[in-house]
Amino acid sequence: MNIQKEFILRCVEEGKRADGRGLEDFRKVEIEHNPIENAEGSARVKIGETDVIVGVKLGTGEPFPDKPDDGVLIVTAELSPIASPKFEPGPPREGAIELARVVDRGIRESGSIDTKKLCITPKEKVWCVFVDVQIINHGGNLIDAYSLAALTALMNTKMPEYDGEKIDYSKKTKPFPLKDKPIAVTVCKLGNSLVVDPSLEEEEHIEARLTVTTKENGNVAALQKGGGPLSLEEIEKAIALSVKKGKELRSLL
Amino acid sequence: MNIQKEFILRCVEEGKRADGRGLEDFRKVEIEHNPIENAEGSARVKIGETDVIVGVKLGTGEPFPDKPDDGVLIVTAELSPIASPKFEPGPPREGAIELARVVDRGIRESGSIDTKKLCITPKEKVWCVFVDVQIINHGGNLIDAYSLAALTALMNTKMPEYDGEKIDYSKKTKPFPLKDKPIAVTVCKLGNSLVVDPSLEEEEHIEARLTVTTKENGNVAALQKGGGPLSLEEIEKAIALSVKKGKELRSLL
Amino acid sequence: MNIQKEFILRCVEEGKRADGRGLEDFRKVEIEHNPIENAEGSARVKIGETDVIVGVKLGTGEPFPDKPDDGVLIVTAELSPIASPKFEPGPPREGAIELARVVDRGIRESGSIDTKKLCITPKEKVWCVFVDVQIINHGGNLIDAYSLAALTALMNTKMPEYDGEKIDYSKKTKPFPLKDKPIAVTVCKLGNSLVVDPSLEEEEHIEARLTVTTKENGNVAALQKGGGPLSLEEIEKAIALSVKKGKELRSLL
Amino acid sequence: MKREDGRAVDEYRPLEIKVGIIPNANGSAMVKMGKTVAIAGVYGPVEFLPKHKQLSDRAVLRCIYTMAPFSTEDRVRPGPSRRSTEISMVTANALSPVVFLEEFPTSVINVFINIIQANAGTRTAGINAASVALADAGIPMRDLVASIAAGKIGDEYVLDLAGKEEEATKADIPIAYSPRAKQITLLQMDGDLPPADVKKVIELNIKACEKIYETQKTALKERWKK
Amino acid sequence: MKREDGRAVDEYRPLEIKVGIIPNANGSAMVKMGKTVAIAGVYGPVEFLPKHKQLSDRAVLRCIYTMAPFSTEDRVRPGPSRRSTEISMVTANALSPVVFLEEFPTSVINVFINIIQANAGTRTAGINAASVALADAGIPMRDLVASIAAGKIGDEYVLDLAGKEEEATKADIPIAYSPRAKQITLLQMDGDLPPADVKKVIELNIKACEKIYETQKTALKERWKK
Amino acid sequence: MKREDGRAVDEYRPLEIKVGIIPNANGSAMVKMGKTVAIAGVYGPVEFLPKHKQLSDRAVLRCIYTMAPFSTEDRVRPGPSRRSTEISMVTANALSPVVFLEEFPTSVINVFINIIQANAGTRTAGINAASVALADAGIPMRDLVASIAAGKIGDEYVLDLAGKEEEATKADIPIAYSPRAKQITLLQMDGDLPPADVKKVIELNIKACEKIYETQKTALKERWKK
């Protein structure tokens, strides 16, 4: 372990990564559209060896009392043990909960969904938007992979028809009211450097991470620091780097 | 343990059982009708040292959306630790779940219950039929004992009166809409032989078991293999044996 | 531990307590009214080092089918690990459950709440009265502390306004329908003596305890024995002592 | 006073005790008290696991009280409730004083009580069954524990309330009692009574416990004859 | 008989098997059977913890079957259900006979099966994937296990029911089969059929399993070529 | 800009810190920030059980954040939620960097934070209380951690949002800060702000943290005087 850590850190000091990438380079990003027919929208995203599928399902339910004419967004995450020897079966623990909540806030706070358009009958019935993920392989940087797959799945989503009583999932026609394209980029402090898209091995040795979700106009919609401390200067740099990489990722959509 | 196993297997090779029975003999079967006054129907079944009570309770609830005019059947099982040193307190685990699901499928798939007659108001209110078991002593062959007790309890069930608002459990008059009498018989492979009604000691040494639920007309309504592999020939023999023993058990009702 | 126990018991034999009190003396009792603005009524009670806050919240819900025009009382307790190294995180276990149920019965059986006045629409909507406790420090005698704080919080409670649709928590005006002032006093058998208000150290060495909840008219509304056995004579003495101390505590309100 | 079922005020319902009804258990019993039916099974003493729960100087008597889903008019949802957890706890307190727990350090004695049919008095029926089941298991005991409840209706002290009497009573007081030591090992009460009445009701209970105790002993003797 | 999707009665849906799709796993596979998609990942053998669950003479093959929330029309709530618990159990029974578990005493081999998209036949697709994943993990095996279901519609025995055929069938019989030993390792049935028909349907399944078995072996060879 | 409660834009609500409020705890504190009240209790370091969770080279700082059921207008259901689990985690991250965890390998330090009354800023109040409670427990620390949140309303950067300001803000950014190391140990944000504004808001927070830090130190000195 110490040898691996030393190697990873020495590479970074010299301005490159253990796998030959530059500090600000993502691994290869692949996006597959709508692999899941039973979902209203779906996407499979691979970033290097990380491999996730996100499906969006629509159901109906009651609105929250304080938001009687807004649809409801529910983002979940399970760290399925199929994807890593470190994930254990059982109900979601803090790692899974943070993953879901960071992706949730990125979508919610960016105002990406026009929730008013998901209202069916005020106070009584609204659309519930479920965003769920199946992690196939955990190769590092799950937050960015899930966020990108969630956004793509929402872009691919079509609303099923609803006659006031039953949803007809065989007819999906109307577009989903998506208003923005928020992208999460997680910047990691590795040694004294800032890098993006950590591999699984790098993730074990980072000092801190900062996930920055940016909107199309360059504004920041959500921040989440994980791990150890960061200075204000490091935070500034990380945000700037996230904005830049966010634009690059958005151009893939 | 090895001595016990050897003895059990040697007996079977010689065409009899450790307790003197023939390979195709059940232990003594005793049926007590309606031991539980608070249930709408109940039965206590003893097969050798195995001792179970099944109670049927009726309540009202909403139908499933895809079956708006069918009553709902709920079969549960708990392996109460009172009945065996091997049962542990806590929520049902796979053994209890399989027990409940095999009994459930036997009743459900045989079409034994005329669920349409359990509809009160289509889409809104139907009868819910709860079949629950209290195992008093586990002496082997729980599936057959529970199945037989469940059928008997359903045969004993009378519907309570319902005025559209409240159930009056003090007046139980109308018969329960039972259409068939499905019997589950579990055939076990012990050594190279097929036997029925395993004792607790035999159950520990079986290679495989096959539960066959048969209807009055001799048709098979449900199958469930447990344990190890079986050949097609063994399966054929087991089904034929189950049909035969099923008729015998049905004649006790 | 043995030395502590011996000291505690020797003191009691000599008619006083390890901390200098008499056998029938409470530690200093302090009551703070309405420390929690967000509650409809609240109280903080300190008895020696024991420190609890009780808050009463009002919500609306369906009545129980067998009491269609009665409000619903829900008393809970958690043994928050912040209050003692012996309390563990997680769902309430038997200690917490007994605490909640004894306090609940004291309020309920004394008829302290006029539940009919908590009915909004019979069969459909009633007030739900939640009584919850935050234990800040467990210094012994939690049952009496929680009971006293619960009663005080209920006395401090004002009903929020309700327009048939929404509760307006900013307007709390109408008095809460409290009819009696039940006080719980727990008498402990320590060696061969009966004492009240055990300290944390004393509690570890008691033989038995009897909680007696008395009404304003001196009647007993609830009893709960804990720990070991008591003779009828001891029970009689304990009840008489509880009635006496209950009056003293009630005079503090 | 006329009672629903014709009993005298100090008369309990027909009591039946059968010992040894669960072959797998080390000890077991069924108690019928009118229409209430409880079974109890005792397993142990065995080593208490996980180890950190063991007591170094005595056994733990662990009681688990449950109701069969079909035991009441409204089906009981499986799984523990606040009520069943509390009854399990007071049951353990009711039985522990008469068991020589100090003979089995680091062990657990498991007492499972299942209510098969409920019609008032399930906790007391369960304790009566468990007490006999412990003796049937051959666990060394100082005494048996007998248990019953009583209340007050109008001006009368009334034993073993059942049916609509439960609604009419001013209080319901269950006790458990060890006759040899003359000790009360369970005492609870819900209601509204002056202290003097509480004493009278407990005394009524104690008298009944002494009779139940005899039936318990007879049932055990029957068992040992076989 | 004309089938919805034009297949012959003894024809299963297009089958695709990919091996080695989960880099982190010791072995893995994806199986597509028509629109049903299952992935399986194998981790182990590793020491089974907690220790008291270990078997001294062999490994435990632990299977956990789950459905992705978006895999069906009506979203699946995360967490185990009675159905998924039972499928996990029969899957372990279906696979255990072909694995040399006795070579790894006190160990556990974890087999995770996730259904990505469901359109009939998820348990059989899962077993097909898991069988290949075990081989991909290099775990010593006597044989592979192949799995499929069949039923009867009208007078015809029909393989691999899908879509509305599931409602029309008189019975649904899934099996798992080890071709080398000619042994059936999973057998379940829901429905209503005379015993003779049950046999015919199982025979139809066995024939199909023999073909699926070839596809499994081919997929593994492809993998080992790389 | 005029604020609801008359404060300046860079002014936080009245802050009160009491140390040593829980006699049973090794260290404790209560923090009031306006109407928000948090208490924190520290227990440990003690051996971390079960053993397999121990870290061989340092202690685990375990934080558990909970809200009293009566702390908010709508009663909080007891038990952990996704929100409380996440706050517990980021709180542990916020405090760990200043504690010499390496001095207590294989141990756990338990930090319990209970919100008694909630009116914006419960996570930051909880961190302020926990930081002081750790020091009160005599646990060796590099520094204290101070915590607060800020946002932007209209064109103004506004500190310590409360009441209806939370709805009016374009973003809510809580931080935790270790003044001696000039390090940010917690940073989250919900909202919509250009990067330059994010920096301004963080700077506003840092200035406030330096003042809160002084109040924390004063409160600890008061405690030690006694």
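In order of appearance the chains are A, B, C, D, E and F, and numbering begins at 1 in each one.
Please note the rule applied: a residue touches a chain if its C-beta (ideal position, glycine included) is under 8 Å from a C-beta of that chain, and two chains touch if they have at least 3 such contacts.
Since this is a predicted model, take the numbers as computed values, not measurements.
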item: Of all other chains, the one whose Cα centre sits farthest from chain C; value: E
item: Most widely separated chain from chain B, with each centre as the mean of CA atoms; value: F
item: Computed distance of Cα centres, chain F from chain D, in Å; value: 51
item: Averaged-CA centre spacing for the pair chain C and chain B, given as whole angstrom; value: 48
item: Chain D residues counted as touching two or more neighbouring chains; value: none
item: Junction residues of chain C, two or more chains touched; value: none
item: Touch-based graph of the chains, sorted into line, ring, star, complete or other; value: ring
item: Going from chain B towards chain E, every chain in order around the ring; value: B, E, A, F, C, D
item: Residues of chain C that touch chain F when the two form their complex; value: 35-39, 42, 49, 51, 53, 55-57, 59, 76, 78, 80-85, 89, 91-92, 130, 132, 134, 136-139, 169
item: Residue numbers on chain E that touch chain A, as the complex places them; value: 21-25, 28, 35, 39-41, 43, 64, 66, 68-75, 78-79, 110, 112-114, 116-119
item: Touching residues (chain side chain A, partner chain F) in the complex; value: 93-94, 97-98, 100-101, 105, 108-111, 210, 215, 218-232, 235-236, 239-240, 243
item: Complex interface listing, chain E residues touching chain B; value: 82-83, 85-86, 88-90, 93, 96-97, 171, 173, 178, 181-195, 198-199, 202-203, 206
